[in-house]
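Consider the two complexes below, in which subunit A is the common component and subunit B and subunit C are the respective partners.
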Partner chain A sequence: MGIYIEGLTKAYGKKRGITDINIHLPEGGLTAIVGPSGCGKTTLLRTLAGFHTADEGRILFGSRDVTRISPQGRKAAMVFQHYALWPHMTVADNVGYGLRLQKVPAKERERRVREVLERVEIDTSDIGARYPQHYSGGQQQRIALARALVVQPEVLLLDEPLSNLDAKVRQRLRIGIRSIQQSFGITAVYVTHDQEEALSMADYVILMNDGKVEQAGTPEEIYRKPSTYFTAQFLGESHTLTLKYQGKPQRLVLRSGDALVTPVVDEWGTNAETLERSIAHEEVIEEDGSWVMEGEIRHHLFMGSYYRYMVEIQGQSMFVDDDRLLKPGSCKVTIPTEKAYWFDI
Partner chain B sequence: MSKPLEVALLSAPMSERGPWFSTLRLTRRFAIYAISIFMIFGPLSSLLLWSVAEKWFWPNPFPTQWGFKYWQQAFEGKMLSSLGLSFGIAIVVSIICLVITVPLAYVIARNRIPLKHIVLLIFLLPQAFPQLPVFSNVMVLMYRWDLVGTLTGLILIHLVGALVFSLWTLVSVFQSIAEPLEEASYMLGGSRIYTFFHVVLPIALPGIIASTLLVFLYSLDEFTGSLLIGAPYHITMPVFMYNAAGGYEMQVASVTSVLLMIPGILLLFLLQKYMRSEYLAAFGRV
Partner chain C sequence: MRRINAFSLTLKQQLAGAAIAAPALAIVTLLFVYPFLRSLQSSFRSQEGVWTLDNYSEALSIYGGDYLYTLWICGVSLVALIIITAIIGGLLRLGVYPLLEFIFKIPLFVPFVVVGHAMRVFLAPHGTLNSALSITGMFNPDILPSFAFSSLGLVAALVWKNLGIGLLLMLGAFRSVNESMLEAARGMGAGKMKLIWHFLVPMNKGSVGVMAVLTFTSMLGSFSIPAMIGNAGGSQMIMMDLYHQIVYQQNYGVANAIGVLTYIASLGAAIYYLKGVTKK
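Then we have the complex of A and B:
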């Protein structure tokens, strides 16, 4: 069931509204809505859920117009940041709640509850006696996912489901949620402020800024072909340098992993020539399909599997990752031209 | 050589820091308990003593004649009917409070009501002034409506204060329930009413019980309004006690106090069990 959003507008508070959103979320895919806080991503999700009524525009689940339908009638299910499991109900009652509302007979209800809990890898031996508080955060979110999926919704909405968990659990549950979503083949909308989460989990990423869609596309597209400065600097571990390019100062956005630092080796004079040219022009020069500029290694951080260098380029600093241990001092910074994004100021 | 020892000392748990240390801690704790117990039970024990003292004259440290004469008197006389009246009124007031404030507090907690603060302030207003002038004015009104000296009047005057307690605590109780708990139910098809009864109410129950206990105790203990509106036709326990103490019947007053205290203490234990600190913390900031 694909989701079509047409001209959706919702004023909400001073900042968090959305204006004229037009997107299509493909059927059976996981679409991540990502953006800084206050960009309207939560407002968009809550409008999809029916908690907000749209001021203008339409929302279609498949061919069904749900714009004016209450949350109860949308056949969508939701997973919340703080799990929102009911503390006074056992796990079995929590998961079976939706089925009880649909008047599913007790026997079938129990069977379906067990089945869905097994699919999200929760031990079902004593779900009738244990309460959500007895489970870890990651398990609670799995139970919440089961509660949402057991009613066979047409659309699954996830509101920052991993933000409340610690890093290790988060990494594991990313894969968990992704594989569950794929095995159910359900259309999912996933709101997150974590760009890494969005890029790693989604089939399709919608980057929002200031209540509008900044850019939409596959994770690779949006990461490798940022069409605006905002997209470029928001995704990945990005740094902005203001450098002279084609005769005028421009913004260059770089990712830590994309640049290569080579120390200047005095005795051999390896990089001396290019560097002299670069310094002379105070400009970035192109050489063998790469941008080359002069830098200075200021600090390094040992990150385990690699080193992170703070490199100063024309008085501005950025991080460059490299797995070699390099000495502080002058260096050459090389970036493949296709991985450097220039934007007018 | 000295370093490992130092480390061992620093990392040792409290109890392993030598016997003198734990003795000191125990003594201090004991002293604190003793002082607290004396502060709480000192005055109460004098009441207990008075209630079983048939003769007690200065300067004897203890009563010269003991007995249950006054307890007997209490249970034979008007006191029992006062006791029954007080409990009856407290129960009725608690129920009315529940019926009015549970839905009202929920609506106030969940909706952006433009005049929310004004509504809450109106409820708080009778408590913002000394009770005597407020209740005297109410009495003037009640005379006009023929409510003075009636049970209805008594219940109404208790409600003036009880509704404040009830509403303010219940608004906090409902606000402490995270909204996604309700939204999760809506998404699964639960209507607002269904959700209220299956999700909100069960989660709010400890808070509702706590607030009802507060109201119950308030009503049981209410004096000024009861005296002005109820007396002399309907004498509640506090008013009865006032009369007894006013007549220098120290023993009767003591028996009444002890009787009044028993439900209070029992209910306070219950309250402590159900009241979560955040309800009280949220009290007054809505």
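Then we have the complex of A and C:
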């Protein structure tokens, strides 16, 4: 079922949490809420879970208004950043607790617990004797996911579930969580501060800033068509340059992988005049569907499969990635116009 | 973190360490070990100074019933205290009620003798409770039971007196439980009572055990409350018997035997407590 959020506001005393959130989260999809620390993403998730009471607005799970319903009654299950597995219960008891409260008979409970644990790839041979602390961090998070899924919630809420894990486990679990969510066909809301995680896992991304929705859309839309300066500079490995364009200074946001660096060499003579004009006016020019500007390669870093160059443009530094090894010195920086975003200052 | 090996310390450092520990050791030795050893020795000697087991046989034959009664009263009070403090502590942990928290801690600062007197006034035949009940017109004050002079009054007074310390220990432990663990349970459908009995109490069973031991030993040794209220005409708490032996009989051998028997009753609890403390 889809989630409809209408005019949702939550404040902590005088401190603002979230303000006037209006958004629809698609049914059966994974929606990522991303944003910097303190932007209100966790407040939004916890309000969806019922751990916070909304000051204003409504939350609908499908057609069911859950705004004033307690967490117990929302049919939403949450996966926490620190797993929140109960250390005094065995893995079987942890996963089966929700079913126990639903008064599911013991045999049926055991069958469902084993089934869901197998789906998250946890060995079920001794779950009745082992405690959560006997498992690794990645396994604990999968047990927590199983605990949330076994009660067949209508909505699955995930609060930065991978942020405590090391990079390799995180990568693997991203795919794991995504495929489990898809196989269950459950509507999921995933909070993360990691934009790469949001873009790679989600069907729909909500970018939040200062308690409000800055932009929402598919990962491609939000990444390729940022509507605000905040969106453009928050997503991807972006750089902001203040450059003169059409006679006035403006902010140009571009991403490391989108720019092309060409050293100033003899065969570049055809562009020399244009470049000279650009330097003379301290302006960036448009040429053959690209923005062209003059820069200076200062340093380079070997990154394994590519080189990362620190290029200085009009006294400002940015990184440009290229798989060729280039010498320091003057260069031409070219950015396809559709991959560069201009914003008024 | 740098580990310090005791053998690698210089003599000066070892002396400094001993000097720091000395006052505490001296107090334990003077106020606990020495009196206890004297009491133990005296419990095995007759008034003529002969080694004997008579004090124990006399203590058990005269006061065996009171001994069991004391254990029963303390056990019942302890169970009631654990249930009450777990529920109050749990509810305070799950919500923010600073005024209620303050009120529940008041018994911590009320002396035993005041509790005894208050309960006497409250639970007496024509005390506050019975008077309040008779106002409703549903009860005749002359036929209402006198709780003050019954085992129930004793239990009520002991529970009320220990409520403050019990709650302090219980609430402190409950507050150490990570919020997300409780939220995970709430999300699964657990209400407040389930959060208390399925999570807060079992996750803090060590602290609950320590609280139980401390209050049990305190109840076992309580004197003022049994002296002012209690089971009129029936069995009485063992400290009253000890008092009787010292003041009226001046039979220190039997009094010390009662003391040692009481100590044995609390010994198991004390071992549990020490194990818990050293584990932490």
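Here is the rule we use: the second predicted complex is superposed on the first by the 333 of 345 C-alpha atoms of A that agree within 3 Å, B and C clash if a C-alpha of one lies under 4 Å from a C-alpha of the other, contacts with A are read in each partner's own complex, and residues count from 1 in each chain.
By definition in this document, contacts are C-beta pairs under 8 Å (C-beta built on N, C-alpha and C of every residue); 3 or more make two chains touch, one makes a residue touch a chain.
Quantities reported herein were computed from a predicted structural model and do not represent experimental measurements.
K.L.:
In the superposed model built on subunit A, check whether subunit B and subunit C fit or clash.
P.N.:
clash
K.L.:
Could you say whether A:Leu25 touches subunit B, subunit C, both of them, or neither, answering first, second, both or neither?
P.N.:
In the superposition, A:Leu25 contacts neither subunit B nor subunit C.
K.L.:
Examine A:Ala54 and indicate which partner it touches, taking first as subunit B and second as subunit C; both and neither are also allowed.
P.N.:
A:Ala54: touches no partner chain.
K.L.:
So, does A:Leu101 touch the first partner subunit B, the second partner subunit C, both, or neither?
P.N.:
After superposition on chain A, A:Leu101 lies in contact with both partners, subunit B and subunit C.
K.L.:
Counting only touches as set out at the top, which of subunit B and subunit C does A:Val151 meet: first, second, both, neither?
P.N.:
Both partners.
K.L.:
Contacts for A:Ile3 in the overlay, against subunit B (first) and subunit C (second): which applies, first, second, both or neither?
P.N.:
In the superposition, A:Ile3 contacts neither subunit B nor subunit C.
K.L.:
For A:His88 in the superposed arrangement: first (subunit B), second (subunit C), both or neither?
P.N.:
both
K.L.:
Which partner does A:Ala77 contact after superposing on A: first (subunit B), second (subunit C), both, neither?
P.N.:
Both partners, subunit B and subunit C.
K.L.:
Which positions of subunit A sit in both the subunit B and the subunit C interface?
P.N.:
Subunit A residues touching both partners: 49, 51, 70-72, 76-78, 80-82, 84-88, 97-98, 101-102, 144, 147-148, 151.
K.L.:
For subunit C, which residues count as touching subunit A in their complex?
P.N.:
Residues 178, 180-181, 183-191, 194, 198-199, 202-203, 205 of subunit C touch subunit A in their complex.
K.L.:
What part of subunit A is in contact with subunit C in the complex they form?
P.N.:
Residues of subunit A touching subunit C: 49, 51, 70-72, 76-78, 80-82, 84-88, 97-98, 101-102, 144, 147-148, 151.
K.L.:
Please name which positions on subunit B make contact with subunit A in the complex.
P.N.:
178, 180-181, 183-191, 194, 198-199, 202-203
K.L.:
Under the definition above, what is the set of subunit A residues touching subunit B in their complex?
P.N.:
Within the complex, subunit A contacts subunit B at residues 49-51, 70-74, 76-78, 80-82, 84-88, 97-98, 101-102, 144, 147-148, 151, 157.
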